[in-house]
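Heads up, there are several structures right after this.
Next come two complexes, and both contain chain A; in the first it sits with chain B, in the second with chain C.
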Partner chain A sequence: MSEHIVPVKVYITIFLVLLAGTLLTVLAAFHDFTYHLGSRTFALNTPIALAIAVTKATFVVLYFMHVRYSTRLVWVIVTSALFWLVILFALTFADYWTRGWFSIGW
Partner chain B sequence: MIESPAATEHIQAHPALQHHFENMEQQREAGTLGMWVFLVTEIMFFGGMFLAYTLYRSKFPADFASASNHLDITLGAVNTGVLILSSFTMATAVWSTQVGKRQTQILCLVLTLLLGLTFLGIKAVEYYDKYEDALVPGQLIPGRPFGPEVAQEGDHDRHKLHLLPGATVEHVQMFYWIYFAMTGMHALHMVIGAGLITFLIIFSVKGRYDPEYHSPVEVIGLYWHFVDIIWIFLFPLLYLLGRHFEH
Partner chain C sequence: MRAIEAFEPPPPSKVNYINAQYGLKSWLLTKDHKRIALLYLGSITFFFFIGGLYALMIRLELLTPQGDLLQSTTYNKVFTQHGIIMIFFFLIPSIPATLGNFLVPMMIGAKDLAFPRVNLLSWYIYMLGGVITIYALLAGGVDTGWTFYTPFSTTFSNSYVVATGLGIFVNGFSSILTGLNFIVTIHTMRAPGMTWFRLPLFIWSHYATSLIMILGTPVVAITILLLAFERVARVGIFDPALGGDPILFQHLFWFYSHPAVYIMVLPSMGVVSELIANFSRKNIFGYKFVAFSSLAIAVFGFLVWGHHLFVTSQSVYAGMIFSFLSFAVAIPSAIKVFNWTATLFKSSISYDTPMLYALGFIGLFTIGGMTGLFLASLATDVHLSDTYFVVAHFHYIMVGGALMGYLGGLHYWWPKISGRMYPEGWGRFAALVIFVGFNLTFLPQFVAGYLGMPRRYHAYPPEFQVFNVLSTAGASILGFGMLIPAIYLVWSMRYGKHAEANPWHLPGLEWRTQSPPPTENFEHTPIVDWEAYEFAPPEEMEVVGRFRRELETA
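Up next is the complex of A and B:
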């Protein structure tokens, strides 16, 4: 048996991190993170919310889903999901943006 | 009769070992890999909906923010906590199976199931609230088409729709199509997950899983955590996008 058993202490830590992340994302949502730099506007609320969500998801994948201790093949499969997702978004938005369908920038 | 070494090995092998696998470890790794391949297809499935969300939100930012502000942030946040806790109890269920603590295993699985059902219950309360306020899009509910009451300046009734400058009721409806599609599909995954966990509980009580053989617990756990991850993204993207415009 070469299976890695993750101790419960690790799970408790991850659970607390996820709860803290949820609290943080709610608190951050009520604060206006829009900044003006010269003529440009940076609306940072959504990037901040997404950064917190990605961090939470990474903790779930690495520890709850044991990917950190899994074989290389599992790593390849997980990475491939992200790769296809990037293609889906990048190619679609390359199309929409170059047609000028959006009045706003991000 | 002289037994060949291979035959002896088979007699000693774990009863759950399928004949096409060399040993339990190979069988477990194959199962985990298979589940991950399935989850990749699930990520692409939800990815399409996240893409639709991103496109329409870019097109109608004020409308999406107004629509989102009508959602109940407290219920959404509580549900996030419930789901994270259920992921924790699921992870603990896998751990207790790995170390052979059967009582803890059954307890953790039952807790996971109850938390999953709590999530669905809270979701149902939210859906009913949207039904009451006529926010279910199109003609999905016969006799109750989409048609929320729009609040005037100074009206703080939370059952009315509060439109931000530039927002229209028609585009708010687009948000609610996406909201119901995404949370509905997520809830369907929760229902399937609850069914799978019920199956795990039955076989745990029968004592089928042990430190040598627990692939089903591990693999259904992966699925459950995946559903949790989808919600981790849905919560800020659906509930929190326009809160900073409110004051």
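Up next is the complex of A and C:
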């Protein structure tokens, strides 16, 4: 497998993007992103922090871990790892989101 | 068969991986997968006997209904430490780190694993995790149960939870590195002609196991880290008082720890597939089904963890899904059992020691699996949860399944590993003693549990004593039985009969090199042009001949 040489400029750019993401996370933590729509309340601080974190992780995986330049087999492996994450979340939320449905006992 | 006997392996050389280098340094800095396998073998045997001592203490305490040998708090620590040592430091690394390490490169015709240094690193990480855990046990131990359930572990336990958790956290990396090494090796280092469907089933099962190791272990590592954060820094993740959810811990913990059962039993199934085919001298019935059922178990095994949460506040709807999926995982397991049985049909069976363990595995694993279905059913689980029925069930899987496979495999490949034969008579005797002792230990526990005896108590109502006396008697026989192989295997290393290259007369690649193998495994890279388990009838003599010619001309 031929090795792809990534220019140092790319690494520095990604590093700066990650620093900016960290700064953004800190700034977002000091702001209350709770919104009320009718009778419903949306607390968005955690989703926003997670969105920034996922974006940063994507950059790390694509550039620092060289996945962007890797073979299809590596892409399959990365995708299957993400799929396993989906399993973890989906079946855990299958519990959380249905707990209130059955009101007698349990 | 004649063809195989006619095959002449490369001339035996006096230099092999054991005597190629001498001195402690040559072992501690080795990058040879076979030597690393032996380092693991010694280490896990040490931990096995530590875990066994805890088991002895449990069984002695339960001999009488009164809690007269150990205080309840001590008993809590003893069963916790038995579980932690046996699961994380014996069963999980048992077959992959010893037999897998030794055989994966040899069976695919490679010189070593893909990352030999990483392989050695994994052993050091394992030892570091072991030292930390042993420190925690000596410093005062841990009393949470091996499951570390919150909020007891984060808030109420006064024992060494964080130190023990750290030991397990560190040890997890060893498992991940082993899995990574196997996957890359199997993908990239197969000998010419060793296609995916010519791979021995041992390799398929290790591939599936490695997937679980890589995909599951990080989750339990993070879970333990979160537990430590909450215990030390009071970050609210699992404790309701801090805004957390204790059931979240169980979700995260079992996401790894249920598939971990398959980390233990899948390699054992790989060993049993080898043993059944080779000691029946017959190609395995439904090779592809057995191979893909390993992958199916690895995938389905990740979808069933919620059956450990049926008696918690987990949603009943999630419970229904998990119950259904738990039944589904029985299908690939049953495929294996039926195919092994079909392989035996009208075959030429020889009842050598490894085969006795393999046959024991089939029976015991079937009992363990079937009783698992009782626990996967929502209603019966409410009755059986946290009783001795559960204890009996998982011991039938972990000991009756994983340990039987490990012992069978250890005997089967012992001539290759050590270059010596073990004493066959003693081997068969020990296999019989272990089988009897095991059943006497755990069969009564099904009944005691069904009648309502709860697990994890040091005292119990007198009506359960008869089952516990039987169980303790069985454990004594089992413990005695385990000592026999420990003694004669060590004995055989010095006094055993020298093993020839292929003492069982089998077609696998690992048997086509000297015993013990040279450091590079094969003098020349083998070229594979035969199918797995191809027991050559006379007309296939040419297959073996071709192999020999390749060796000569290479």
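Keep this in mind: the second predicted complex is superposed on the first by the 99 of 106 C-alpha atoms of A that agree within 3 Å, B and C clash if a C-alpha of one lies under 4 Å from a C-alpha of the other, contacts with A are read in each partner's own complex, and residues count from 1 in each chain.
Going forward, contacts are C-beta pairs under 8 Å (C-beta built on N, C-alpha and C of every residue); 3 or more make two chains touch, one makes a residue touch a chain.
Quick caveat, the model's predicted, so the values are computed rather than measured.
Bringing the complexes onto one copy of chain A puts chain B in a clash with chain C.
By the touch criterion stated above, A:84 is placed in contact with chain B and with chain C alike.
Contact with chain B, but none with chain C, is seen for A:8 once the two complexes are overlaid on the shared chain. In the superposition on chain A, contact of A:94 is made with chain C only, not with chain B. Of the two partner chains, chain B is the only one that A:46 touches; chain C does not reach it.
After overlaying the two complexes on the shared chain, residue contacts for A:69 are found with neither chain B nor chain C. Residue by residue along chain A, chain B and chain C are tallied for touches, and B comes out ahead.
Applying the stated touch rule to the two superposed structures, the overlap between the chain B and chain C interfaces on chain A comprises residues 73, 80-81, 84, 88, 92, 96, 101-102, 106.
Contact residues of chain C toward chain A in the complex are 187, 215, 219, 247-248, 251-252, 255, 302-303, 305-306, 309, 313-318, 321-322.
Within the complex formed with chain A, the residues of chain B that make contact are 24-25, 28-29, 32-33, 36-37, 39-40, 43-44, 47-48, 51, 54-55, 58-59, 61, 73, 77, 80-81, 84-85, 87-88, 90-92, 95, 98-99, 211-212, 218, 221-222, 225-226, 228-229, 232-233, 235-237, 240-241, 243-246. Against chain B, the residues of chain A that register as touching in their complex are 1-3, 5-8, 11-12, 14-15, 18-19, 22, 25-26, 29-34, 45-46, 49-50, 52-53, 56-57, 60-61, 63-66, 70-71, 73-74, 77-78, 80-81, 84-85, 88-89, 92-93, 96, 101-102, 104, 106.
Across the interface of their complex, chain C is touched by residues 73, 80-81, 84, 87-88, 91-92, 94-99, 101-102, 106 of chain A.
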